[in-house]
Amino acid sequence: MADARFHRTAGPFTLQEIAAAAGGQPGENADVARRYSGIATLTEAGPDQVSFLDNRRYVPAFSESRAGACIVHPRFASRAPAGMALVLCEDPYRGYARVAAKFHPEPLRPHGIHPAAQVDPGARLGPDPAIEAGVVIEADVQLGARCWIGANSVIRAGVIIGDDARIDAHVSVSHATIGHRVRLFPGVRIGQDGFGYVLGANGHLKVPQLGRVVIGDDVEIGANTAVDRGSLTDTSIGDGTVIDNLVQIGHNVRIGRCCVIAGLTGISGSCQLGDFVILGGQVGIAGHLRLGDGAQAAAQSGIHRDVPAGEMVGGTPAIPMREFRRLVGALRRLGRRSPAAGAEE
Amino acid sequence: MADARFHRTAGPFTLQEIAAAAGGQPGENADVARRYSGIATLTEAGPDQVSFLDNRRYVPAFSESRAGACIVHPRFASRAPAGMALVLCEDPYRGYARVAAKFHPEPLRPHGIHPAAQVDPGARLGPDPAIEAGVVIEADVQLGARCWIGANSVIRAGVIIGDDARIDAHVSVSHATIGHRVRLFPGVRIGQDGFGYVLGANGHLKVPQLGRVVIGDDVEIGANTAVDRGSLTDTSIGDGTVIDNLVQIGHNVRIGRCCVIAGLTGISGSCQLGDFVILGGQVGIAGHLRLGDGAQAAAQSGIHRDVPAGEMVGGTPAIPMREFRRLVGALRRLGRRSPAAGAEE
Amino acid sequence: MADARFHRTAGPFTLQEIAAAAGGQPGENADVARRYSGIATLTEAGPDQVSFLDNRRYVPAFSESRAGACIVHPRFASRAPAGMALVLCEDPYRGYARVAAKFHPEPLRPHGIHPAAQVDPGARLGPDPAIEAGVVIEADVQLGARCWIGANSVIRAGVIIGDDARIDAHVSVSHATIGHRVRLFPGVRIGQDGFGYVLGANGHLKVPQLGRVVIGDDVEIGANTAVDRGSLTDTSIGDGTVIDNLVQIGHNVRIGRCCVIAGLTGISGSCQLGDFVILGGQVGIAGHLRLGDGAQAAAQSGIHRDVPAGEMVGGTPAIPMREFRRLVGALRRLGRRSPAAGAEE
């Protein structure tokens, strides 16, 4: 249940309104005019709250829930407790997300430029900006309409950002063009030098990093994630891609549309990811590799070869998931049967 | 030996005072009135300094040390060089920590609100605050007594922080309630959105993140670590837990009391850790798992199943440590005997 | 091709000037007086641009390139397309780096102290400082000549930094002495407490962290990397070492000269690395280990033993690379032949 101290709230809403928001149908005999005041988990929800079931493992909790209403797939309707109003949805998690957004709208944006922000006179800001305290915006920056730049962020010279960007506190951006509706979470680093040196026995020579970072629309980048600019071409991130916290993206990496990249993953320089690629947490990808559209990698995979479109890999070095599962089974047997490591070492 | 340029110093102290601070006893025939001026390692300490021995591997260095005094377990007393005064301690590392704190007290806190800080008039600050330059404190924030907020940190609306917090530079906190005596190191990110989306073939729908972060008393969180807020319930960290740098803690994670979590570890959403859980560096834990009280994971473990209380695991996927040690031995033999990889590939 | 919006440009330059910068020789019959306007990749370069070939895999692109000139090893000269002027170089990547720096000089440094910076009157700044907005410089800080401190960075009391440092936005530095020509990228954390506690059943006792961080000359440290100060001795990083983004360096670690450490790597407390050590991404090193001069570790290695000078290791636990390659081959065969994991589990 959302704490009103931190989250805006709306409502109450009728079951009819909730079903419409969810893209679902009220269950048989449900009182569509009854009003609900908020959302909560199956175990915490009370009679005037709405909950949801999207995972088979929570069916017992569903059957015992005191929630007044629940968003649920029709196949589980018969497991509902007596008196619970249902909202039947083919995709109950999507339905829940929409209902949650109805009860708890996005926070209100501030308006204007805080007097303790430093905006270069040569920067061009679109209509209705929100520039918080301590922000630094350098010369020739272009911001679209309704940009929201969080406290103490630094936008370096020449950066271009589209409409409705929401950049949180302590973000730094340089050498970048960024699309519409992009969200950057606190501590994101965009556009610093890539890690490029000519190694030598008398010391390493820095290679000038002369590219940019190009980010599409509707991209989200998590806290303290770093995206280096390209060395001569660009580092790019396609529309709709979402990236978790503490991810490292090297120079010249090209990421397609709607990829999902979990925390602490590292993508080495010049890799190319297609669209809808999914990477688990702590995945590592060696340089110059290609992952085709829809490729997936299990958490902690270490990828050393190209991954064809649609293939799922796991392990280090990463192998097709089917082989990896077999290997894991074989290793478990080996661990159980082998003499202790000390025996030979 | 601590550099007075960076660390406050006190003393000199007599051996009697040092033994009392250490919770130990002066060794036989030691001159308890003799004064010592500071602490140093066994190899660096001189006649007017105190050292300590807490690791068997350093017994030779102990036997050759020029330290005037040494905090040591009674079992090693006979190995001391002639003329070294001893402080006998059952737990010499703990004794050392206390003596170190006696010679080098915590830094002095500044007082007051720097004129270049931005404190919303609706924030409530406890007595004797220290708010450094560039700090932003938004509306309805509540800070306890003697809070110390480091330069350029940002405390978002509604956040509650207990007494004697010490928050270093560049920290961002939102959607959070935080206990007493908590330390957050530079670049910590607390309370941003968790990584939650409904995946879909036409793009991913963001799931509103409507929970909080709840942090207990005496928690320490390392530099650039990120703790996401819950999606509908809370992310929580229990009293006395300590977390290293660059750790990722996902939404809805519940961490018990007095856990120890080393650097670059990632804990996926909705995991539950009991009390006194210890995780090595670069550990990864898949979502929705439970680790019982006192569970331990070796560095780089990849945990894919619940871990019972008291069990230690290692490897990826993680298995009981005894099995993992056997497996490692078997793999070493395999690596030595197998034909080169190229032979088949 | 560098975007003039973000990168300074110089030129055009004659082939003679380019060859001189590259440390190479104009190819036979090349028109050394012809001028070129910039640099670009083999596939993007046009007739008035210079490209380079440093990787055998791009020879076909070289043979089809429209670049007017190309920096190339003499052995590939015969593969050049008709009409391409060559610059023959024994080390074409090094030659390219120098030519790139000639066409695109480092950005111009600002001058002076921004009125929105907070510089303690007791700090000593060398000649011609560049202190950006929101910077906090505390008492007794010493900065060398021409130091450039990026927006909102925080330099704590007593820190010493040499000449020509370039510290980007949002960096925090405490308890540290730093050499000449050092670059710290956005979000770097230097000098915070190491992760040291006396563990106990009733809670963990913090061990005072009384050392420093000592950084040599010509060191580069990547975005959001953290370097903890020593516990009683120092954490140190030798001249010419380069460190990527999101790396964790624990207390008392000693890193030699000209090491190369890739992203998301973690080095536990009290490790000692010699000179010219190379660590891939996501490597983990357990505490108190030694890696000799020139040791190398493949990405994602987990190092649990000392590594002799010159040895390359891979895997977790890390083993000599030759054994690791054999092991990988054996495991691939095992994964292909074994029954599915479910069969026994």
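In this document, chain identifiers A, B and C correspond to the written order of the chains, with residue numbering beginning at 1 in each.
Please note the rule applied: contacts are C-beta pairs under 8 Å (C-beta built on N, C-alpha and C of every residue); 3 or more make two chains touch, one makes a residue touch a chain.
All values reported here derive from a predicted model rather than from experimental measurement.
A.B. asks: Expressed in ° and rounded to a multiple of 5, what is the rotation angle of the C-alpha superposition of chain A on chain C?
C.D. replies: In short, 120 degrees.
A.B. asks: Between chain B and chain C, two touching copies, which fits better, same or different residues at the interface, with half of the numbers shared as the threshold?
C.D. replies: Chain B vs chain C: different; shared/all numbers falls short of half.
A.B. asks: I'd like the Å distance between the centres of chain B and chain C, where a centre is the mean of that chain's Cα atoms.
C.D. replies: Chain centres of chain B and chain C, defined by C-alpha means, are spaced 27 Å apart.
A.B. asks: Specify, in ascending order, the residues of chain C that touch 2 or more different other chains.
C.D. replies: As it turns out, chain C has residues touching two or more other chains at 116, 134, 152, 170, 187, 224, 246, 264, 282, 316, 328, 331-332.
A.B. asks: For chain C, which residues are in contact with chain A within the complex?
C.D. replies: 1-3, 5-7, 39-41, 44, 91, 93-94, 96-98, 100-101, 104, 114, 116, 132-134, 150-152, 168-170, 185-187, 218, 220, 222-224, 240, 242, 244-246, 258, 260, 262-264, 276, 278, 281-282, 299-300, 316, 328, 331-332, 334-345
A.B. asks: In the complex, go through chain B and note every residue touching chain A.
C.D. replies: 116, 118, 134, 136, 140, 152, 154, 156-158, 170, 172, 174-175, 187, 189, 192-193, 195, 197-201, 203-208, 210-212, 224, 226, 228, 232-233, 246, 248, 250, 264, 266, 268, 282, 284, 286, 302, 316-317, 319, 323-333
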